[in-house]
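Across the two complexes that follow, subunit A remains constant while its partner is subunit B and subsequently subunit C.
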Partner chain A sequence: MWNYFKLIATGSWSLAVGMWIVLRHAFKRPVTVQYPYESVRLPARYRGHIELKREAAGGQPKCVACLACQRACPSGCIALDGVKPEGAPRKVLTLYTLNFTTCSLCGLCVESCAFDALQFSKDYNLASVRKEDYQMDLLTPGEKHS
Partner chain B sequence: MSIEAKSIHRETFVINLGPQHPATHGVLRIKLTMDGEYIDDAEPIIGYGHRMQEKMGENRTYAKFLPNTARMDYVAALFNSQGYVGAVERLAGITVPERAEYIRVITAELNRVASHLLWAGAFLIDLGGFTPLLYTFDDREQILDLLESVTGARLTFCYYRFGGVCNDIDDEFVAGTRQFISRLRSRMPMYHALITKNIIFRKRCEGIGPITADVCRRYGGTGPVLRGAGVAYDVRKAEPYSVYPQFDFNVPVYPEGDCMARYRVRMDEIVESLRIIEQALDKLPAGPVMAEKVPRFLKPPKGECTFTVESARGSFGVRAISDGTDKAYRMKLRSPCFSNLSLFQECSRGMLLADALALLGSLDLVIPDIDR
Partner chain C sequence: MMTLLHNDFVLEMIRLVLYAVGLIAFAAFNAAYLSLLERKIPSWFQLRYGPKEVGWWGLLQPVADGIKLLTKQLLVQRGADVVLFKLAPAMVVIPAIMCLATIPFSETLVPRNINLGLLVIFSFSAIHVIGTMLGGWASYNKYASIAAARVVAQNIAYEIPLLLILVSLVMITHSFNLHTIVDQQAGGFWRWNVLRLSASPLMPVAFIIYFICMLAESNRAPFDMVEAESELIAGAFTEYSGMGFGLFFIAEYANIVVGCALGTILFLGGWHCPFGLLPGLHWFLIKMYFLCFTVIWVRWSFPRTQFYGLLNLSWKVLIPIALANLMITAIMLKLF
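Then we have the complex of A and B:
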């Protein structure tokens, strides 16, 4: 009998303690970020989809179409092509598309590039209902390749 | 059983738990044969998320399989990567610089804490308590922020490489981690007051779902399930890898074997992991984080090896067989969740349905890890 009442007392006390903890938390500042009105600060190393780095002068892509990134990609989602114009020192990119639907954001392409021509973008507002929107033309960013 | 006996004494019916059920945390289906409220038989049906990870490990080069490892046990992704790179490094005879090993230990233990916090919240939801999840997620987010700052991703990290890690950690990460350790330590009493001592939680866990050491042995149960059954087996101690022998930590063991024991093991492991991280930060050596002369196209010599790590859920093992080419001949992945689920059928027999859900939750299953 004694144990029965003791259990009720300790049990109620444990519930009261829990309630008290929750009540105290109710008056703390919220930790949630009110997306889309606010957005989080992305760290410098954030791995978004890839984008081409460009020369400071001229804005030409640094890429020399060596195909190393295409070969390194486990998902086979990079398609690129380049031509070597007459007398030019290196190949010039004519096509660079990323099939973002299969990209696993692993970053192996960026690591494989010996010419420092790829980087991660910080673009994460990428929701779309059209599959074509994820065929990204990195050569002419901003325009969707559809 | 003869037909009469079946029809006169027992009337059983079958219900499906899952494949879409909040308590299975993924696409797991359990075919329950019920005798009223009691379970007669529980047959797990798996494979809904089967992606042929082992086969993928065999038809692509070693480096290309790296991102896949994070997609098996995605709650504790770093352990899978650690097991995989460990196996390949052993095959190819690559030595990892000490700083890289320390960084691996720090990040992996952070991942373990994050995984256990997620489990605690999700387990409480299984038992009907929603609030603790919000607190554990608050802490877990801090860890993910830290890991994101070094790895660039929040879940599928893909951070380890053959021969080291791909990014060095900076002072900001070290300071942030230290701050987090003290924050979580100061919050542990809150968790114990809110969860461990809660009468409803205790009534739902104490003595519920007993798993014995013998059952674990027969089914290969490892991790907190085994340690909650009174066996002090931890791969970090039993088969030390990486730089774990340099750290002083305990292996929490509870002999009761019930849901409460598994809960306590995990809560104690959080504290032990924090200790390991703190020691690793104190001793962090300078130096490179990547081994020199790792060939770009890895072709390990003919041979085979096994590498096992203690993941947040148990032993995760990789058995790699190389035939001297750039792709593995065989890539066997031993996932802890598969074995831990296997014992559910035997252990849940005769339990109340609601208690069986507590048992299922306490096993800490990640379904894509089972299906692979």
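Then we have the complex of A and C:
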């Protein structure tokens, strides 16, 4: 008999506590991010697809076409080429493509780069229905994604 | 024309039509905007925004929902009992709206002030159980059939404590007339039936039992065994499409409104102000919508009970306490 009333009392109390917790939440701000209109700040070490770092002056890629990233890539998704113009101190990129369909974002290319010329981008709006959109031309990044 | 307006019969007919239209509009308006609140309030609880794109603050969302429901095809699947299947939504929605006819919204705003108003409401609100059961049974669907069996067991189990509470209440008020019951609670909140401790020290408990039974009678969470989505898809409403489904929802919200209005009238002093100031329709609506808010609040606080838990709660807890309340009330009435 004692247990019967104790059960009713503890049960009612826990229900009241539950309702109080729920009510308190009604006065907190929503945590929803209204995605197409606003987005969260990405963390500093976010790994998007790779992109070329550029010189502060002139905007030329820092890359010297040493092919270290191409060799380091386990999936073989990087292809690049460069020429050495007359009198220039180093080679200049003429082609840098990334096949993002096979890239696993392992980051070995970024690690292997001795010239600090590669970095992860913060581009994550990559949905597409066409496979060709993932053959990215990193030299002219404006055209890589339509 | 003027002589026509002086004819009592004509005036009564005009009054009747106006009240009928008004009550149906009131029920439909509440169904529409309580369904919006049903989505807005949990969004506050869950730190979301809820519907906000259709109209300012999502205010046109019910209109969009209504148009969507109206454009859907009404399907009747093979094997269903066509007549009962189509009749069931009406059988659920009509009694719920008829219950509103005896509710005194304010001192003067009463569609029909019947001496047995309380009894009328409870006889009509018992019909919607049959409507839901017929709908589930006529669907020729195993989920709907299980739900139909559940709704009967649940509503019988919860009608008993509800009626026991009302018997003890009527013993105190000596009246079935809702207008009279509210009039007795004039004054401040200490004169409301919920705090009438001189009549029975268990009155606040009686109000809580009334509220729980009202939740169960209108098939609201955590007692929504009729449309337990996780077990029965949509329960008795599984096979309904379009406005047939919509009518069940209008009925659900109309039942909530009736239950909350009745709780306001019986326990919370109807249209009277808690401090004896400015009685009127607005106090009735404030109290009623506060109870409606609590119904939604409860729904989004607690998970659905098991069917055993539901029946255990009624037979082992609510009915004994309601009986004890009845006995205490009787003893107090006899002694003092």
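Worth pointing out:
Following the convention adopted for this analysis, the second predicted complex is superposed on the first by the 131 of 146 C-alpha atoms of A that agree within 3 Å, B and C clash if a C-alpha of one lies under 4 Å from a C-alpha of the other, contacts with A are read in each partner's own complex, and residues count from 1 in each chain.
Criterion: contacts are C-beta pairs under 8 Å (C-beta built on N, C-alpha and C of every residue); 3 or more make two chains touch, one makes a residue touch a chain.
Quantities reported herein were computed from a predicted structural model and do not represent experimental measurements.
After superposition onto subunit A, partners subunit B and subunit C are found to sit side by side with no clash. Judged by the touch definition given at the top, the superposed model places A:P74 against subunit B, while subunit C stays out of reach.
Of the two partners subunit B and subunit C, more residues of subunit A are touched by B.
Looking at the shared chain after the overlay, A:R29 reaches subunit C, while subunit B stays out of its contact range.
Legend: residue contacts after superposition of the two complexes on their common chain; A:P85 is shown touching neither subunit B nor subunit C. By the document's definition of touching, of the two partners only subunit B reaches A:T10; subunit C does not. In the superposed model, A:L105 lies in contact with subunit B only, and not with subunit C. Vectors from the Cα centre of subunit A to those of subunit B and subunit C enclose 70° in the overlay, to the nearest 10. Of the two partner chains placed by superposition, only subunit B is touched by A:R45; subunit C is not.
Subunit B and subunit C never share a C-alpha pair closer than 6 Å once the two structures are laid over each other.
Residues 15, 18, 22, 25, 31 of subunit A contact both subunit B in one complex and subunit C in the other. On subunit A, the positions that touch subunit B within their shared complex are 7, 10-12, 14-15, 17-18, 21-22, 25, 31, 43-47, 72, 74, 104-108, 111, 120. Note for the complex: subunit C touches subunit A at residues 41, 43-49, 297-298, 300-302, 317.
By the touch rule above, subunit A contacts subunit C in their complex via residues 8, 15, 18-19, 22-23, 25-32, 34. Subunit B makes touch with subunit A in their complex at residues 60, 63-68, 71, 131, 135, 138, 141, 145, 148-153, 156, 158, 166-167, 190, 193-194, 197-200.
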